[in-house]
Every structure is written in C-alpha cells, then in structure tokens.
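What follows is a set of structures for review.
Paired with chain B in one complex and with chain C in the other, chain A is shared by the two complexes that follow.
Then we have the complex of A and B:
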C-alpha cells in the first residue's frame, strides 16, 4: 500500500501549477525587517525562534515524527512571510460587554502584558517543531481575542483566514469568563505555518474549533498550544479537510488543580492527502482531567498518522486521562498509523487509551444496502454517523451546526 | 391463476464448503402470509439473508424468481428498490445516524430523480408508523439500533417495513425474545402490512406469533430442506409435538 500511494502522489506533485511558487528561503534579513520597531522582548522571541528553526535539521523520511509520511516531491522550503488577515466576527452585544477581537499589532498596544504572556509561553517544549519555530519567527498580522474576567460571550467569535503564510491567533479567556471561538483556514498558498495560543484563566471555559480547509496543494503546519488554569475547561475541535500535507501539533497543558480538557478531532481525507496529528495531554497539576477523541475517515490513497502523548507529571496526582484514535478506511489504498505514548510519573492516576483502524463494517453496509442505499449513499451515511459523536461531544450546537454541514462527507466522486 | 410473487426453485446455498440450504422449493402468492418454521440450525436465517442478497452466501444451484425474474444477480439495494424487505433477526447498529435521518435516506434512495418528500409528509409517514407500533417519538432521534434493547430493535425493523411498504416482506424471527405485550404489538405491525398487494414470509422458531398472525400456509424446514407443508393447523401440531417427531421420521426414511 505504501509504495503504490507514493507513485501516484508523485505525479500529482509534478503538476506545473504546483511549482510556480518555488518560494525563496526565509532570510534572516527578512526577520530583521519584520522586527523593526518591535519591542526588544519580541525581537528576542523572534530571533530565538529563528535560531531554533535553523538548528533543527530539515526533515527527511528518516526523521522521527516524519518517518511515516511520504515526502517525495513535497517542497518544505519556507515561504516568504506574507501578513495574515483575519476576518473577525464579534457580535455588537459582546463587544459592549468588553470582549475584544483585534489584530495582534493593536493588542500589543492595548493588552501588552497579555500578548507578551502568550508569546513567551507559546509551546510546551515537548515538541520538536521546526516549522512552528519558523512561524514564531516570521508571523505577521494575526488576531487577538480576549474575553475579560467574568464575561460570557454569548455568540461564537469567528476568526477566518484567507491569505497569508504565518497566521497567528491568540485567545485569552479571563477568570470565570466563557466563550466559543472558531478559527478557520482557507489559505491556498504553497506553504502555511500557523500558531494558535489559547489561554484559559481560572474557572474559565473556552470551546474552540479549528477548521482547516486550505487548498488541495497547500502544505499546512499548525501548532496549537493551550494553557489551562485551575478549575478551567477547554474543549477543542480540530477539523482537517484541506491541504496536500497537513501536520499539526496540538498541545494542552493542564496547569491548575481541576483543569479539564476535551480534545476532539476529525479528519476527512481523500486523493493522496496526508494528515499528521501529534497531540499532547499534559497533566501538570492535581485532579486534572483530559479526554481525547480523534477520528479520521480516509478515502482513495489518503494517509493519516496520529501520535498522541499523555504526560502525567509527578505531582499531578488523581489525574484522569483518556485517549482514543479511530480510523475508518474507505478505500483499499487508504491507510492510517496510530501510536499512543504514555509518560506517567504520578502513582495515583487513571489513564487509558485505545486505537482502531479498519474498513467500514460489511454487515453495516449490507444492512443499509438492504434498505435501498447504494454503496456510495451507504458509505456517506456511515461516515456521517462516524463523525457525529465527535460533534455531539463538543456540546455547543451553535458552534458545530455550520461545521457539521460543511464537513458532511462527499463521496460522490467514487466510481 | 394466482399471482406468484416469489418462486424459489431447487435452491442450494453454501457458506464456504458448508452446504446449508440443500434444495428448497417454495412459492408465495400475492396477498398471502407464509410461515417458515424449523428448529435452530435448519437454515431459516440463511434463507432470509440469501433472499436479500448477503454476499457471504453462495447460491450453487437453483434460482430465486421475484415477480417473474431472477434476482440472483441483483445487489441488495436493487432488491430493496424492487420491493423486497428483510426484517433482520440481528440488525446492525449505525452509531451517529438517527432513526429519522436513516429513514430519510432509505426514502431518498427510492425517490431518485423524483421530487423529494416534503419534511411535513416525511414526518407524517414516520409518526404514523411509530404510533402503530407504540414507538415513543423520542426513539426517532436516537441512533439506529445503538444501545437498543432486543425488543426495540424488532420494533424498529417493523417501523421500517411499515414506512417502506414492501411487496415482499421477509421477517426473520421478529417474534423471538419478546414478552407478550411486545409480541402483540409486532403482530399488529404485521397485520398492518398484510394486504392483497403484499406477501409476507414469516420465519419463526415458535408457534406463538401464529396465535396473532394467521398464516395461509406453513412450511417446515429441517436441515436445509422443506420436509413438511400444510395449513395453519400444522403450526399447532408442532406446538404440541415439537420438531422431534419430524426429525425422527426423516431419520427412518
């Protein structure tokens, strides 16, 4: 299976259109230009990140974290930094309540300590992240969302990105505050590397959806890093549909007692698309809880790689962690790799995980067939159902309603 | 001349190397209810799945003629669209797909190219069938057979039959594992399906259901062959004697 998908994907990459934008490597001088006029702490962050980027060797198919991917014909050279413009939707009522949605540039003036706090703690340090380091050095534009202490945003806040190469979104939820935020990506550039920084204050609640619907030829990197304070809860939903190769690091750090995180993910992949998800459930305080469910449905010659790490630090007694990865193979050429890792240093914990990879159940197909549905209609309905419990778990219908419709599998192209 | 809906001719069926159906002949006329009875392992469920076109079973000899033409080459969904329905003994669960959504899809498969059913009509159709079977409307929002009790699964099979109105309904042990109240409701569902236009093949181990649904004809299947046929009185005889005398009689022949 591996070799056949390599062969066919290569021809796809040779499409002349795909190579017209052989972007020059990002130069130090370009970063220098970016930082002109920025605060010294921020310039240091960018320079440090660029050094990290350069110190990490370019990945090959032997590099840890990349071995399972097919890199033939994939151009990983960094794109020049083009500013990312977020279209932000915030209801007037929520704006009046003090909710802020603006550019990072403006937030650096109005909410400097918050932005600084976010940018100085943008990663757990547990992920190699060559391209997230690049994004940390090269981001331009970007958006900042903030819900002040005790405020509940009543409407979902939407941050939509159409253009740019290194998008960045910072979300800061105050103490006892509550919000739903959707970040959606529709870039079609050759190369996009994005950062999302999520901070949830004490007893705060954030439901966050990240919908990746980039162009079919785009190489998409995404790094999400969340810091959850005591008593707070974060629910994340990652939807992967676009991109030729999409590689995501999703890190959640439970930093305060009783912090909780539900991490949900859905991938629908077709053709020779490759999706690589790496998740971190980091338990760093007592009585923390994390629950992860990532599902992928893979058609044609698509390939998904999932690596999930649960870390329970020594002091994080009574942590409760669960992780499940389920993969549905819709075609013979599709494949899925799944790999859980547990690092548990506390002794009083509950930690379980499970993974499955398999085709659609033949008895299910027969049952739907016996009711008149042809193979395509039956598969479509089964995949829809397969995704549904993930949407159900998000528990925010306002947020998922549109995403559900958009994410309904389209199997019509099948022969 | 009676209108023959289903004609099974010298049917032989194998799973792997194992011959399970070993020469069945059976005719079902429009407007009739036939009961197919037999002990466990006689091939009853196999016959029902073969009629629906389950890919696991290979027809090695004979033919199945439905409304004048052989269906052996037809896929399960084509058989369904042609008017054949199977109420499964063990229907699959379809997690994440509500009963209402599932039913909408079964109807969409039938209305290809036609104007789609209006939401109001669809709801009326579903609610009407549900009330006949005393199904709580909440069940229509639950995921198909996901966490359903045995009785709920059987009722959902009946619900689908009443909505789809098949010409030939094959009911595979739809009566098994039910308490007396549930059995009565299932029987009402079968009676609602019974009409001069429809034919029903009721597959059962026990005579019990036949107290509520009177069959026109009873066939007894043992070891892949029909060994005895008669009217409704045959079912009562079996209730008294069990299958042993028939099996013994066969052994001595």
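Then we have the complex of A and C:
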C-alpha cells in the first residue's frame, strides 16, 4: 500500500502512542488476518472497500474537497486497526422491551439478516471518501443498536467510545419504532476513522446525537450515512469540539414518500483546529422534507469548511428542503469557508438555502452594554445564544442536557 | 466539433440569421498550431511583443487541462481541430435586406427592433443608415478625448495604452479558454476614458466603424481613468446566428480610483454555440464596477463575471439572468474577490429552466486576511417550469477576515399555482399569465437595461414562453 504523501516525518501532531514509524499499517494480509472467520460476503465488502481506498489518490492541498484545508504537518497515514470498544448504556426497561445494544460481532449471530443488510448498503451515498473506504475495510469491534418494530425506547441509548481506530455504529430502528441515541467519541489516538449507519424503518422516529470530543492532536474522519423509509423521521445533531483536523461526511437519503430529516450541527473550534463538514440532503422520493442548520463558532486561528448539497432527484415532487450555514468569527485569525449547494431536478419543490459569515453583531453587543453588561459577559451571552438555538431545535432535552454543558463557550482570553 | 457545418444552418431556427462563409475574404485552415497563430499575427501586422504573447499563450493552452470542476461531458465534446480560428469578414457587400429570410424579419417585427438595427442584425450593411447618428456620437466622444475602437485598431493606434493594460487583469494562464483567446484573439472593443470624463450615452459595438462584431475570440479592454464613467453594451436581445460553434471571449475592465464602469451583456447565441467567456474587472480605490449580464441563447454558456476589489472602498455588483430551454445549459455566476478593506459587493442571480434546460449558478465570494469591514450579499433565485428541467446552485464563500459580513441566500421553486390562478382569474390565458410572472421574476434585471433593450427582452420572453404551457 502507498503511504500518504504527507509523511510521518513531517508531522507536528505525531502521537507517541500511535507508533506511526512502523511498517504501513494496512496490507491486504492485515485485512485477511482481521477477517479470518468472517462470512464470505463480509470479506468481499472489506476487500472491495480496501480496493476503493487504494484507488483514490492520497489527498494533497490541491485535491477537490481538501484544497481549503491546511495539510502541512498533518499526518494522514492510516493507523493500524485497533478494535473499538463501545460502552453501551441501555435501560433495563428498554432491554426488556426488546431493544438491543451489543457488539456488531454478537449481532452478526443474533440479527444476521439485519446487520448484513446494513453493511451491504452502508456506503450507497454520494461521497465515498478515501478514509471512509478505509474504515469500511478495517473496522473492528463496533456496536449495534436495534429497536424492534412498534417499540419505543423510553431512555436515551448511549454509545461511548474511548479507544480504537476504526469505530463503527449501526442503528436500526424498526417500523413504527422510536428511540434516542447518542454516540460520543473520546479517542486520543493519532488517527481515527469512524462509520455510523442509521436505518429508520417505515414511520419510525430516531433522534441521534454524534458528539466528537477526541484528543486535541487526533485526526478524526467520520462518515455518517442515514437511510430513511416512508413516513419516518430522523433528527440528527452533530457536535464538533475535538481533534486537530476533523473531516465529516453526513449523508441523509430520504428514500420513501413523506420521509423527513432535521439535520443540526454545531462546531466550536479553537487554537489551530480545522473542521470540515460535508452534508447531503438526498431527496429521492415524493413529499419528503429536510431542514438543515449547521453553525460554527471559530476562535483563535481555527478554520471551518462547510460544503452542503441538497439533491432533489427527478420525480421527487413536492420536496421541501432548507439548508442554512452560520459562521461566527470570534478572532482575527479565524477563518470560515462555506459552500451550500443545490441540485434540483424536479419542478414542484420548495428549496431554499442561506449562508452567513460574520463577527458578533455590534448592535447586540451595544444593546447588552447599554444594560450594564461588560463586553466579555455580553460576548459570552451572545455565543451561548448562538449555540442554544441549535440545541433547542433538537427537541429532546434528555439527549441534549449533558451536551449543552460541554458546549459552554469559553471566551475568557478574549479582549 | 462533431456537428457538420451544413447542419448548423438549421432552417427551423426562426429567429436567427447567418452569413455565408463564402463571403469571408480570408479564412485560415481548421485547427490550431503555431503556424496559424503566426499567420493571424502577420495578417494583422502586429508588433513583436503581441506576436510573442500569442505564441506563449498557445503553449499555455496546449499545456492546460479542461477545468476539472466542470465535469461536463458537453465541454469534453469540443473538437479543437475542427474549428476555424480566424476569419475576416468581407465588406459584406451584395447582401441586401431582401435576402434576409422572411421569418427573421417577422421576428424582428415582433421584437420591435428599429429598422437600422434590423439591417445590422440581418447582416446587411448598416453603415449608410447609421452613419449620421454614428458620426455625431463619434464627434462627441472625440471632443471628450474618449478612445473607442475595435481592439485591433486600438493596438495599432494606441499601442502604449494597450501594452500597459492588456492581459493584466486576465493573464493567459488563467484558464484553458483565456489561453486560447490570448493566442487567437481578434476583434472586440477597446475603450479608454480620460480622467473625470463622464460618457453620457451607453457605448455599443454597433457604433464602431468597420466593426468585426461578435467575433469568435473577441478581446475587449476597457480602461476608465480616475473619476470617469462609462457604460458599455455588448450583444443584443435579437438572436444571433453564428456558423462558428465555439466562442471564447476575454473581457478586461480596469476601473481606476473613483471610476465607474457598467458593462451590460445580453447574450442570445444560436443554440449550437459553446460560449465560454472570461470576464473580469479590477476595481481600484472607491471604484465601482457593475456587470449586468443576461444569458438566453447558446448550447452551453460558462461565464462568471468577476470583480477584484483591490482598492479600499471599491464596490462590485453583478446582476444576472439566465434562461435555459431544451438542450441548453447556462452555467453562469459571479465572483467577488475582496482584497482590500471596506469593499462591498452584491450579486443577484435569477434563472429560469424550461423544457429540460439546465441552469447553474456558480459563484465565489472571497475575503482575504486583513480586509476588515467587507460586506457582501449574494442572492440567487431559480424558477423551474417543468419536471424535466434542472437547476443547480454552487456558491462558495471563503472568509479570512473577522470583521466582515458575508451573506448568501438562494431559492428554487416553480411558478406558484396560486399566482397563476390569481392572474388567470383576471382573464389572462395560461401562457399570458406565465409570461407575466416570468417577466416579473426578471424585472430587477430588466429595469437596469436601456429602455429599448428592456422592451425587446420582455417580448423575447413572451416568444419563448409560447408553447411552454399547454
């Protein structure tokens, strides 16, 4: 396998724990070793993914989708595959109702058809990136959450990851089922590439939060892919706080009539952190609705790149789509790039998007100042409000309560 | 290109016209190489620096790849070896108004184009009719010290000014098509406005004498010295037939301190034309540049008028409309590059797709580090007339400075049934109602046009809407 063009010798972010100077991490033989004992269909999926990974050239600062990032000093060479261990929290009452939270390995025994279906269709979205292909080839461990048809999980299900390099979570919500799931990442290794597959059956309802709080030196790749059936609804909240460079693809496919998705995102970036979010609102059936709000607050020399696309396929009449990206610049050195895109091939649609980049509103500061509030306190209040708006839209306080506390703005060093 | 020349003379094309290629006095062979470039430069008896410039540009053209982001199979279909790169029109004698086909005259009638314009558009020698008008305008301009000629004449008569500014806004290496234009350019306009001079009437290529109009590889250079104002109008609402299916112009505008340039284009090429144009303006301190850009014709248009705001307090505006029907792709947009503090820009884009046509808005707003106090607003609205058509919006914003305000908003929708119902309830037919709504949608653009253009454009939309409903 090729090693990445940004060699580890140049890395400023080299994690002593990650042992990057070792031989290239993922040979075919390594995949063979991983997959020993796996079903042949799954080995085929892994081999196919490894081929895709190798067929895509290593990114440089001229590669589309990468050229806005600063790759100097970023070590993109893949890490050795270490199994990901998810700590799963599921209430006893929900377990008794038939809700399942287990490892993918165990689920392959107990729910084979369902897991197989999920793994075979996992990367049917538009963006098959180099590192999502890598994760698909190399994942180990991983978690599986399933809510059977007609069941409502009463407590949020939590999947927390602290170790591992290629974490994977599969969530399958049955027909007329309902659940809230939080996936949180706290890995500190040099390199993490994760996959999240969300499948919502007919008239199902899933509220899903993905909190990325990895180590400050970690390179974090994340690929989220959701498939929504008719009448079903998915609400997602993506929070980005950790990592030196975090690159996420968040794709929702509305596959059945009347499917809906609310997609929320919040990035709080500091120091020289780089966040790159790509979203897809894929309208592939009639009467579908999607609403996206991604916000970022950028301090110090942080940099955010947002590219989002609404695709309304031919025949997806009466689609209704909205997309907004708001960027708040808190420091001179901060930087925001935004590219909200529309591709519309049906005429009976309503499709709107908007994007803004700007500092804290001077009028708001002035107003709060006139009420006797000092500038720091006023700034903090405004940023809190900027964040709160996103949490409120999730509409599930049980899920967001803890996350809100972690996302309190820290502006003490502001002038 | 794959299409044979004979097929291009499409008898079904109701509003177009064409010159017989035989009436051209000089025609280079097909294809492009250094020999052709040498021939063009020799024919024009150009100075050595321009000759060198052309050759260097050709090498860049050969070396450059097609734009990768376009991913356009239509673009890949261009066969550069099957194109004439230089044709010089004869004196156009022998063609009379009577020879212009009846249906085209009818279209001119319906568009209400003035008699003199019709003859010009019909390819009939128009100098006799317009000479009087032309001379009085010419005299006014001369009195003000304004230079206005075709680019070849500009190079011959004002070499110093041309050499100082030529290709400083759009270097040959900017993109593959600007490199091609730089190698084989011919025609286009050259305008120089002295400091403080306000040119009262809009300048049009139409007023030029012996104009090599609507060339394939036009090269236009407009220089507005400090404190001056000029409005230039390119093209016309009437359909423009061309047997040359690749058109690749380069337009450079330089607005010096406090100057104001407005550049209006209405492009209505016949639907076999690839219209791949690079248009860019430099706006110095407190200068103001406006692009008013209408795209109605052509098979594929790729055009993103840009303003590089390089002086503090500079203003850039793009106001554009695009209309795509069957077989057409209007890939248009705008770029605003804020490279100085307190610069402002506004982009307003409106598009209508019909009958399987595709419109794309592709844009960029960039704010460089340290450019505080920048304000930019981008607004895109698209109307889809049927389920076969397509609309894309690809805006990009890159912001490297903190104290700025950058906003983008876009909507895509169809003509509202309620709107239609309301207008029809007042006794209008569906066609009339749709036309009225589309005209209303384009209104912000149309009202920026000189009146006669505005009237023509409204009528043209009415013609295009016929048969779109029912």
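What we mean here is this: the second predicted complex is superposed on the first by the 379 of 415 C-alpha atoms of A that agree within 3 Å, B and C clash if a C-alpha of one lies under 4 Å from a C-alpha of the other, contacts with A are read in each partner's own complex, and residues count from 1 in each chain.
Rule of thumb we're sticking to: a residue touches a chain if its C-beta (ideal position, glycine included) is under 8 Å from a C-beta of that chain, and two chains touch if they have at least 3 such contacts.
Remember, it's a predicted structure, so these values are computed and weren't measured experimentally.
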| item | value |
| --- | --- |
| Which superposed partner A:382 touches (first chain B, second chain C, both, neither) | first |
| Touched partner set for A:327, first chain B, second chain C, both or neither | second |
| First, second, both or neither for A:42, with chain B first and chain C second | neither |
| Touching partner for A:355 - first (chain B), second (chain C), both, neither | second |
| Touching partner for A:335 - first (chain B), second (chain C), both, neither | second |
| Residue contacts with chain A in the superposition, chain B compared against chain C | C |
| First, second, both or neither for A:369, with chain B first and chain C second | first |
| For the chain A and chain C complex, residues of the former touching the latter | 64, 68, 314-315, 317, 327, 329-332, 334-359 |
| In the complex with chain A, residue positions of chain B that touch it | 52-55, 75-77, 79-81, 85-86, 88, 91-97, 101-102, 105-106, 108-110, 143, 160, 164 |
| Contact set on chain C toward chain A in their complex | 68-69, 382, 384-387, 389-414 |
| Residues of chain A touching chain B in the complex | 361-364, 366-375, 377-378, 381-382, 384-389, 392 |
